[in-house]
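Below, each structure is written out as structure tokens.
Below are two complexes that have chain A in common, paired first with chain B and then with chain C.
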Partner chain A sequence: MASAPSAQTSTIDCLICGTQNPYEALLCGGCSAPMALIHESVAQQREPRIISIVGESNVGKTVYLGFLLDMLTRRAGDFDAVPKGAYSVNLQQNVITHLSARVFPPKTPMEPDQWYWAYYQVCRKSGSDAWVDLVMPDMAGEALSTEVEVPQTFSVIRNLLGKTEAAIVLVDAALASAGSSRPDFFALKLMTYLDDMFAKRRRQRVKHPIAVVLCKADYCPQCFDDPRGFARTNLNRLWNICENRFENVAFFASSVVGSLGFATGADENVVPVPLHGAPRGVLEPFQWILDQM
Partner chain B sequence: MALKLFTRKARGAIAMLPGRPAVRTSPSGRPVSGEYQPAERQALEAEPVQRLYQQHRFGVLVTERHRWAEDEEGRNVCGLAERRLEEEMALVPAGSVSMPTTLEDLPGSPEIDVEVGPFLLAIHTVTNECYQQFVDAGCYDELALWPEAIWPHLIELHDLTGTPGPRYWMDSRHDQRLADHPVVGVSWYEAVAYAKWVGLRLPTEAEWQMAASWRIKSEADVFRRLPWGDAMDYQRCNVWGTGRGAVAPVNAFPSGAAPNGVQQLIGNVWEWTASDFEVSDAKGRVVIGEMPMRSVRGGAYDTYFDTQATASFRTGQILLARAHNTGFRCALNV
Partner chain C sequence: MDPGSDVTGPSSAAGTPAKQPGVSKAVRCDQAIFTSVGSAIASGYRLVAASRGLKTEEKQQIIKCSPSHDGLCDTSPEAVGVSCYPLATGRLAVAYTCCAGLEQSARGGQRIYTRAVVLAEEDLGTFAYNPFDVVRSLIAGGGGTPDLKPPTELPALELSATIGPDYGTLSDCVGTVGIGWTRCVLDHLLAGRPTVIVGDFGAAELIEAVLLGLPGPLRARLSFAAGLRYSLARGFGLSALAGDPVRLRQSLRGHEIDLLEPAADQAGPAPADGAWGRMVQHRWEQGRWSDLVGVTSRRYGDCSAATLDRCGELCARRDELSDLDCDGLIGTLNKYAGTAPQEEPAGELTATLVSDALRELTDRLCTAPIDDLTRYWGAVTDLWKRSAATSVRLSPLVAGMLKRMTRLSPIAAAKAASRLLASVGVGRNGTAVRQALDDLLDHLGEWLHDQPIDGLRMLEAPLRHWPPSGALGDRVRQLEQQLAARVADQPAAGVEAAS
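This part shows the complex of A and B:
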């Protein structure tokens, strides 16, 4: 847990990277996490649990996370959730505002100080009434890709994943179903990185829960019928490393756009247009992750 | 046609309340609990005119009644069919609609005004039970029902087991627990072919909006955002915010009906229309799909944004999309 501020020095340790920061700082000097998140954690007197949402650039991490958080605050399914601080609401507001206006939100910038962080207290409506503190950052796909290729480039990502208890790995099912091997290769690289981060000993399989989410599954409806079968066939490298190295993996299909159009103008730029929102399979991976944690 | 089709009375045999337990369906549309329960095959009447009635092809019997003008039994069946149409369809009076021409659906956005003549619209969307008749009659092999352009694709219009039928059926049978649910997982072509088979047609986009916004020709010049008024009400329709999370029977949410009794224009399933989907974005760029698109209207049980489940919200689907949340209802000229 982040240490309480020292009366003499008025400093506070970042719960992500451990950097000592001035108490009045807005962002952590080490990893750029919002200090409001650290203060909230200290106030709660318990360390939050980190779920990381990772995947290739353009796979839809921001949209997935924004929808998930919005659904949680709308008490979807079996959940109740309370955002801790206005900064936590910004991500879902950004996603919902854009998609309801039928525009995809802008890409997450590479710079960690411009990422959205979300700190939520979540509980199940049925069963246990215990609230769980969850931190879910929206990492830029390019930054994650760079860190995976050249570890230590983005220390914030390494520190974050080092503290992660569970991961939701997003994979572009639309590309995979179209025959591209790129999603499979990126997922393979990502899983080797997570293996490196999570495995306590080389011979042991990773125990962290990993939810593999096949995104944009509206393009390939068979994903919804049988996500495991789809992954085994179309993402075979990912499937194999999951079998070999990860003990607790589940596959899900997800989509958030009910129909996709393309705006085409004289400039010949083609802009994808989310014609209407119809989220499917957004809550299920999160629910599974919480069950495993 | 002398039909008494204008009434404010709620129709339908059973008044379903919004709180009725849903048959839970998976994201693919299949019931979650228990094994698939295929509907039994119905024995067909030997007499052709009786068979048409049995198959709910009331539109054929009424519009082609001259075929049985010399036959007393035929005339009687046609009379019965006319009464069934009176029960199952409602008159939408003449009026006008203002359809947004861009993706924005806000006051002041560009619109096009369209005059709509009177027509009849089905009170409910087509159910699995009704669509079963179409499948059982072998209509997927009846080329005359399908435009020639789609013939090469007919073989792809199969269910989960590879037999002809909607996307989420098995062995060409619907799950009998979903008999009174809207048929989903059908492409635009299947919707058009069914409507043709029963002697009806799909409504145009303007007709659909006319029915939902009820902007009839009157001095009041009323325009409704929703069939019941202007404010979203989760007790009156099945959208994401309702919390049901699954398709409901076609006669659930009766309080959301339009003034003429047409139900579920908002929510439950998107509805195919006969019209091309033609809009542009805020910068004037034309919006197209990967394939040609047709307009779908009304929103569905998983429509997340309330602003996308209104009388005037325009969106589209590619012609061959067989979505879990898209069905259709039929119309008929007066």
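This part shows the complex of A and C:
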């Protein structure tokens, strides 16, 4: 848990990277994480549990996370969720506002201080009444990709994943179903990175829950019927490493956009237009993760 | 054009700056392109191409420091930015950022395109320690035009310093921001305090103006960004940008980074005490950019505050020369002409100060009336006699004064020469002084033919102090004989008018 601020020095340690920051700082000087996370964690007097949403650039991490958070705050499924601080709401507001205007939200910049972070308290309405503190950052895919290729480039990602209890790995099912090997290779690299981060011993398989979410499944509806079969067939390298190194993996199919149109932009480029939102398979991976944690 | 240098400044810049226009050598640099491109292998922002010479850690740093989506303050397609940062390998990255059409993933906004040039720190000296000269050279070579399908391996670049700053634009920018605020940025940098300056001005121009006020090697160690959206993660020493100060204030809260928000109606904070800062500000105010660059763009071995203030003091003394009287100029020469050799550039600045003071004094005394000449003769010759070095430096002045006195009053000249020779002897005389003495003797030889006897007698005493031996001695003896003959020939008559 983040240490309480010292009365003498008025500093506070970052929850993510451990950097000592002045109490009044809004961003961590080491990793640019919002210090509100740490203040919240200190106030709650319990260690938040970090779930990381990871995936390649343009796979849909921002949209997925935005919809997930929005569904949680709207009490979808069996959940009740309370965002802690306005900064936690910014991501979902950004996603919902853009999609309402029939445009995808802008790319997430690589600069960590431009990322959205969400701190939520979540509990199930039925059964256990325990609230769980969850921290979910919306990382830039490019930053993640760079860190995977050359570890230690983005220490914030390494520190974050080092503290992650569970991960939701997004894979572009539409590209994979179209025959591209890129999603499979990226996922393979990512899983080796996670293996390196999570494995306590080389011979042991990783116990952290990993939900592999096949995104943009509206392009390949067969995903919804059999996500495991889809992964085994179209993402075979990913499938194999999951079998070999990860003990607790589940596959899900997901889509957010109900239908997509295409328009021609001012400079003649083709712009995809999300005509309406129809989230499907967004909550299930999260639900499964919480069950496993 | 450099608007002020010809008008207000001393005759030339202080010595030679690091860059020699027209003779600068080409510098071999590595390069990299960071932008958003989709391919079969990857998508989004990454290093899409790089030279073979770039090391992995250099690539890592370029990736971390390059702006990605929405990374420029200006969201228009014409937006540009410049950044520069030292790399962990000891080299330096200078990056030019522009827009390259719309973002390829069709998620709105411009595609941000950065070309980074990596060069050795000492090679920046070829560009007068001005990273903006590197950028101008890059753009002139076509490197500022986005290339979205570059080969994965880029060739090394050959850049040479051919285009310098537009000093008029820099002056305009300093005027817009305000001299007080510009000085404030300089003071922050000299004190090593990370600074962000936000406002409606040319960010690149402001940074270049401030950079030119820093000693060259300090510029190479400074990381800065102009026109890039602020990012705490980059940890740059100086950022100049347009943007929302409220959001910036939030980002910077609690961190030891100063946010400056120049307001047009405010003069800016009180400047820090220091001769270097005053010297730079003085040149900014007078638009003496060439002169400023001449002082700052040198290979400073030591950039400590004490050294910089010493250099600033020397420049200030040089600025004051034209306002000094002869006593002041002699005082300056007394203080600086015989100083021990110092580490560069203080040694060179001292030499320039002495040479300018000497030129100023020579101009004054070589056109002065005889009273001034006789008044300052003692002080000048004392200085001339002080050491071998001062003897060499002051010989032309001493000779010039003697020649002037010879023309105005041969007897006063003979007395002056006699005082000089009595104290130092003929052996210490430089060629110019020897020549002046010869001229004096020639002139006296002709002069005494048509002088009345009283005037001739006034010459007897000075000649007695002249050296008895050597070529000069022989000539003096000859003159004495001529004088004796003339005195014997003529009865006492009216007294010669002094001159």
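Annotations for the structure displayed:
Going forward, the second predicted complex is superposed on the first by the 291 of 293 C-alpha atoms of A that agree within 3 Å, B and C clash if a C-alpha of one lies under 4 Å from a C-alpha of the other, contacts with A are read in each partner's own complex, and residues count from 1 in each chain.
Quick note on the criterion: contacts are C-beta pairs under 8 Å (C-beta built on N, C-alpha and C of every residue); 3 or more make two chains touch, one makes a residue touch a chain.
Just so it is clear, the structure is predicted and the values come from calculations on it, not from any experiment.
The superposition on chain A brings chain B alongside chain C with room for both.
Judged by the touch definition given at the top, the superposed model places A:281 against chain B, while chain C stays out of reach. Judged by the touch definition given at the top, the superposed model places A:253 against chain B, while chain C stays out of reach.
In the overlay built on the shared chain, the residue A:74 is in contact with chain B alone; chain C does not reach it.
Shared-chain residue A:265: touches chain B and chain C both.
With both complexes placed on chain A, chain A has more residues touched by C than by the other of chain B and chain C. Looking at the shared chain after the overlay, A:97 reaches neither chain B nor chain C.
When the shared chain is aligned, no partner comes close enough to touch A:240: not chain B, not chain C. Contacts of A:204 after superposition on the shared chain: neither chain B nor chain C is touched.
No C-alpha atom of chain B lies closer than 13 Å to one of chain C in the superposed arrangement. When the two complexes are laid over each other on chain A, chain A has residues 265, 271 in contact with both chain B and chain C.
Across the complex, chain A meets chain C through its residues 21-27, 29, 31-32, 35, 56-58, 103-114, 140-142, 145-146, 150, 152-154, 156, 180, 182, 185-186, 265, 267, 269-272.
Every residue of chain C that touches chain A in the complex is listed here, in rising order: 36, 38, 40-46, 56, 59-60, 63-64, 67-71, 101-103, 105-109, 229, 231-234, 250-251, 253-255. Across the complex, chain B meets chain A through its residues 26-28, 103-104, 160, 167, 240-241, 243, 245, 270, 277, 280-281, 283-290, 293, 296, 299-300, 302-305, 307-308, 313, 315-318, 321-325. Note for the complex: chain A touches chain B at residues 67, 74, 76-77, 96, 99-102, 218, 221, 224-225, 253, 258-265, 271, 273, 275-281.
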